[in-house]
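The letters A, B, C, D and E name the chains in turn, as written, and every chain counts its residues from 1.
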Amino acid sequence: MRKPFIAFVLLGLFLCVLAACSASENAANANEPEETDNESTEDTSTDNGDTIKVGILHSLSGTMAISETSVQQAELLAIEEINENGGVLGKQLEPVVEDGASDWPTFAEKAGKLLEQDQVAAIFGGWTSASRKAMLPVVEENNGLLFYPVQYEGMESSPNIFYTGAAPNQQIVPAVNWLLENKGDSFFLLGSDYVFPRTANAAIKAQLEAKGGELVGEEYTPLGHTDYNTVIAKIRSEQPEVIFNTLNGDSNVAFFKQLSDAGITPEDTTVLSVSVAEEEIKGIGAEVIEGHLTSWNYYQTTDTSENEAFVENYKAAYGDDAVTADPIEAGYFGVHLWAKAVEKAGTTDVEAVKEAAKGISYDAPNGTVTIDGDNQHVYKTVRIGEVQSDGMIEQVWQSEEPIKPDPFLEGYDWANELSESLAE
Amino acid sequence: MSENMLTLQKVTVDFSGFKAINELDFQVAPNNVHFVIGPNGAGKTTLLDCICGKSRATSGAILLHGKKDLTKRSEEKIVHQGIARKFQAPSIFHKLTVMENLEIAMKQKKRLFAMMKAKWTKTEKQSIHDMLDLIDLIEEKDELAGTLAHGQKQWLEIAMVLVQEPDIVLLDEPIAGMSKKERDKTGELITKIAEDRAVLIVEHDMDFVKSYADIVTVMHEGQVLFEGSMDEVQNDPKVREVYLGRKVEEDADNTGA
Amino acid sequence: MVGSLSLPYSRLFILALSIVCLVSIYYYFYRTANGRRTRAVMQNRQMAECLGVSTRKVDMITFAIGSGFAGVAGCALTLLGAIGPTIGTNYIIDAFMVVVVGGVGALFGAVAGAFGIGIFNTVFEYVTSASIGKVLIFLLIIAFLQWRPSGLVVSRSRSLD
Amino acid sequence: MQSTIIQKLLGHRIIFSILFILLLTAPLYLSDFRLNLLGKFLAFAILAIGLDLLWGYTGVLSLGHGIFFGLGAYCMAMYLKLEANAGGLPDFMTWSGMSELPLIWLPFQYPIVAIILGVLFPAFLAFVLGSLTFRNRISGVYFTILSQALVLVLVTLFVGAQNLTGGTSGLTNFETLFGIPMNEASTQTMFYIITVVVLAAIFLGCRRLVNGRFGNVLIGIRDGENRMRFLGYNPSAYKTFIYTLSAAIAGMAGMLFVLQVGIISPTMIGIIPSIEMVLWVALGGRGTIIGPVIGAVLVNAAKTGFSESYPDIWTYFLGLLFVLVVVFLPKGLTGLFETWKARRKSQNVGKHVDVAKSYR
Amino acid sequence: MLTIQELEAGYDESMVIRDINMHVDDNQVICVMGRNGVGKTTLLKTVIGILHPEHGSIQFNQTDMTTLKPSQRAKMGIGYIPQGREIFPKLTVHDNLLLGLEAGDQKTIDEKVYAYFPILKDFTKRNGGDLSGGQQQQLAIARALVSQPSFLLLDEPTEGIQPNIVQEIQDVILDIKQSSDTSMILVEQNLDFVKNVADYVYVMDHGSIVYESAVDDIEDETIYRYLSV
């Protein structure tokens, strides 16, 4: 009696699952009534009716949610601004939000969903390198567009990705030069154990060797690691003048607290961080990181009229406590850059937009940004700042002009060996 | 000595300071129904435990057929040597049917890969059927064992011991919770199985012991106090003192109702 | 910086806090009526219920106390490092391993286990790296369990299963 | 009596055959994207069967199956990565300053070796951990904790040894398998069909295994491990075997996952996914072979469905689903049928069977 | 004091007892007899609340307690001495007895229980699990007595106990009957003892009550018939 019954219920459940799958498919199609019969014609598929769909794909749950949610908010803000000004090509932008759930295969799955199911004109999303690498084959396979807003390790240039965060030569290389000139030449490298710190440190080591710096220690801890006693003991015995910090996320909180507990002050050893922005400082607590340095392209305090408006709008939308930071700003201007390129191309067709984007400029909060047609990265101004007691970062140095992005560090002699080994 | 199936030599079982069995010398002869009695805490169950490997002897040797020492072998190896044990509380498998309980208990190759290929043979089926008949559970053979009554569970477990076709059967209070008729039948069964093997039983029921014992060992404080026939046991003053307490007559009444 | 050894106040405070917690757990379990109830429920839930112990209440109280102590541990952690919604996952395994090494239901074992794992962890991490250190600790625990399968403090029972 | 058994079998077979055919023909009525998702769910279902063999039948709860899944997946991915790079070094190795292919990667140049290792490697690891723990009668919660610690340790190692494993990013960006382009719809359909066939084979194989005498021995070990020793069994050997087998199945699932999803990273094999896998089994109903399949497909379908419809708050829905099942269906979905069946049976007993007998 | 009406209960799938009607007056000792497996233990388990009846009701002192939990029933004054003793093996004898107090209002252990079972006094600091079977049974009875219950459920208190302790336990049960107004349901097989202690006897077979009688009118023949089949 029982087994056939189970089987029937199974059958029912299975049909439900199928029905759910096809139902959501239908629902997706129902949103684009005019489109069903000419699905094959790529050009019109994304800008049918009165709206253009764009995908927003960040982690809204999981460990990365804290960081990525603000980028998502900035992107939605930008979309809202564009829509208020009449949209793109006369059409409103319609954001399709998905959750990457801090899980790289999920990023791949959702990117596929956005491109195949929703047929979005572009995806704005990702934070970690891993999430970008997970989306990369999907985006390339579907010939979609991805705008990636975070500084990263470089060594990549996908024809389907626009990189609006800093390449290594727009953050790390100038920071090391500045430290060598201003803070001392004994370096301790500390990073989370994943691709960005490893690659960044490989470059830094080459740079130090070329410029006469001294490497006194190099440590990697697992992501999420929170006990830095052993590392601090090593730092104490080596007494470096500079710690170049590529730790990510929560680890920074533990590290700075324990460093300050151990009585090591910025006067003894200065820490320069490349993954600590205003948002993170809120979590770490300004008192333990005050006086240490960061390197970015943008701070909330950056003095441009565009930034004044941006910060004001952002706070108006998300509360007075909200702070802006470099990746938030990069996510924000990424949307504007894409909109500008679409306007110029007159279509959302990927090839046309890519062509139109070459050399296009936008007055972003951090200054004028220009897309480098060679590698789809962005010319950006480099800044070094010191953390203040109120959690803001005060700029102590900035590059004279926006620096040309060089993801493979081809323009640096000392990096030749490195970039050669990377060239396929 | 060599005619003994099982010989315990100066066996001690020490539970962190408490010697449940203390330098015990003990023999089990073949084809005997051998009862072990004694007050609670005398070490009767521990005796069975250390023969079948559940408790480890702290010192001493347990020899099978006068040669193989069992004290260092694992439980399942001891079973393979032909020693099967029934525990006090029925520990049958409630989520398996009566049939399945016997199926996994019966004598067969119990190694992993042999078991994977195992299939019912005719003789197996017949012997299980006979066993079910013997314990009166034919009709319940496809019921889950957990739904059986207490007495039936005891029966099933005795049957699970028997289908292993052991040389030495260890029974711990096999008739607890059985009716008079069931006890008699159990007794007969025990007599029958003792024809070609040794049976060692721990039991309280004096009537039962009286009826079926070939030899009775009285244990006290981890050692053998007395060994002999039931008559000798009952007439021994030491035994009366430590075990039977005040009234011998009433024992018969207590257990006979 | 006092030589190579420095004990910041926060660490001293945590040390004291742990000792206070330990003593109070011991007192609770072995000296109070509720502790007795908890142990009774642990050993024979049904019988405890039949004697008038509300097992539901014991469950709730025990869970509450357990959570409470976890909370205390969490508070202590804020003095050391980052606090985020996922902080628990970093510690849960270590916490369980401590129990495995120490022996389930054994307070002393838990303390000894915590010290053992903590010390070896630090040593291994210092000598190698954080990730290799974790592997070594795991291998060490497996090896340890070959020697003491039920943990440092064994609670024996004579029943079958 | 005879005829009802035949009826049972027939009913059984036919329904499952229909299900199987429905799954096989899914490419005809599902879009490529949905088919790909369903294929992924079915890969999870394969793993869930293995996990249930261990937990539901043998009573060993492993909170570390993610790692076996991962090992299988990585073995496959390593081959795919090498093939995508056409013999060159994978990109992450060059970043990490390696100049030639590390020894451990060498066997993965050959697809057959990679596939075999994808099964053998997790099986071997499970065998080692299983024999070391079960032999010493480390079981229950102790084993569960160790299995979880294994995940933690190995994931840390995977992340740490990024010159060998790609670190947190994992392995992705594959192109061909046996020279066939992987991302094409037809190839993906083929992978899907392979998954369905493997699922069916494992389903039938495991059902055969647990429905006979062997399965009864497993249940015996689950419900009374010590008792089984005194029946002459060596439970450690059985547990080690099932643990090994279920790890091998997990490895297979991992390989099928990589083929269809195209990426494997430590986030997919860590502690949280490992616990999730147990949830699938619990939700479907442990101690049955079909339960875990239902659980895995349903939970993952729900996960995808919820997250697509409500990207901001889907986790709450999923959490609610778990809570509801735990509270109202402690035995899982199949447990619902068991209760229903028991009701039916006791009603029948009341009607037909000799009353005195049913009282015993 | 206790009234059971049309009670029907059992384990998961099968009903073990059916249509049980039973009444216990104040200060009355009821004995339940019957072969093993006829449902006597099931009956007691249902009265204390471990099993939930499918049908029927249990009234205690005019309160319907059919749906109450065992702990609530214990607090109403019902003491339970289960088959197989079930003392807490890793609590001391003293702690075991203290747990007996959970059901009542007393704060300390009545010296009377030590008078009944002097051996417990010697062993207060020992773990319950270290006692012998007979001693554990004495502990189980003592544990039920410390809260001075008005109603006792005793499930074969002398089963598997050495004879001298059997005698002690029977003496205690008799003494409780004579010196207090405690009511009891006693599951017992020894007819002589039953005649000694009981006021009223029920015999069960196949899950139902097949014979009941005041102890003075008891027909030995009938009882033997049901006990020995």
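Assume a residue touches a chain if its C-beta (ideal position, glycine included) is under 8 Å from a C-beta of that chain, and two chains touch if they have at least 3 such contacts.
Heads up on the chains, UniProt names are A = Urea ABC transporter urea-binding protein; B = Urea ABC transporter ATP-binding protein UrtD; D = Urea ABC transporter permease UrtC; E = ABC transporter ATP-binding protein.
What you see is a predicted model, and the numbers here were worked out from it, not measured in a lab.
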* Using CA atom means as chain centres, which chain is nearest the centre of all the protein shown? -> D
* **Contact-richer chain pair (by C-beta pairs counted) among A-D and C-D** => A-D
* Taking each chain's centre as its mean C-alpha position, how far apart are chain C and chain D in Å? -> 32
* Length of the line joining the C-alpha centres of chain B and chain C, rounded to whole Å -> 43
* Asked: Quick one: chain A and chain B, Cα centre-to-centre, how many Å?
  -> 73
* Compute the distance, rounded to whole Å, between the mean C-alpha positions of chain C and chain E. => 41
* Structure fact -> Shared-interface residues of chain E (touching two or more other chains) are 12-14, 37
* Structure fact -> Going by residue number, chain B touches two or more other chains at 54, 87, 89, 91, 147, 149, 152
* Structure fact -> Among chain A residues, those touching two or more other chains are 193, 220, 222
* Structure fact -> Residue positions on chain B within touch of chain D in the complex are 52-54, 74-76, 79-80, 84-85, 87, 91, 93-96, 100, 103-105, 110-112, 115-116, 118-119, 139, 147-149, 152, 160, 164
* Structure fact -> The chain D residues in contact with chain B across the complex are 209, 212-214, 216-217, 219-220, 223-224, 226-234, 237-238, 241, 357, 360
* Structure fact -> Within their complex, chain D touches chain A through residues 8, 11-12, 15-16, 18-19, 22-23, 26, 29-34, 36-38, 40, 88, 91-92, 94-97, 99, 156, 159-160, 162, 166-170, 172-174, 183, 261-265, 267-268, 290, 294, 297-298, 301, 304-305, 307-309, 311-312, 314-315, 334, 337-338, 340-341, 344
* **chain E residues within the chain C interface of the complex** => 48-50, 69-71, 74-75, 80, 82, 86-91, 95, 98-100, 102-104, 129, 143-144, 147
* Of all residues in chain A, which touch chain C in the complex? -> 62-63, 66, 193, 219-222, 224-230, 233-234, 236-237, 249-255, 257-258, 261-263, 283-284
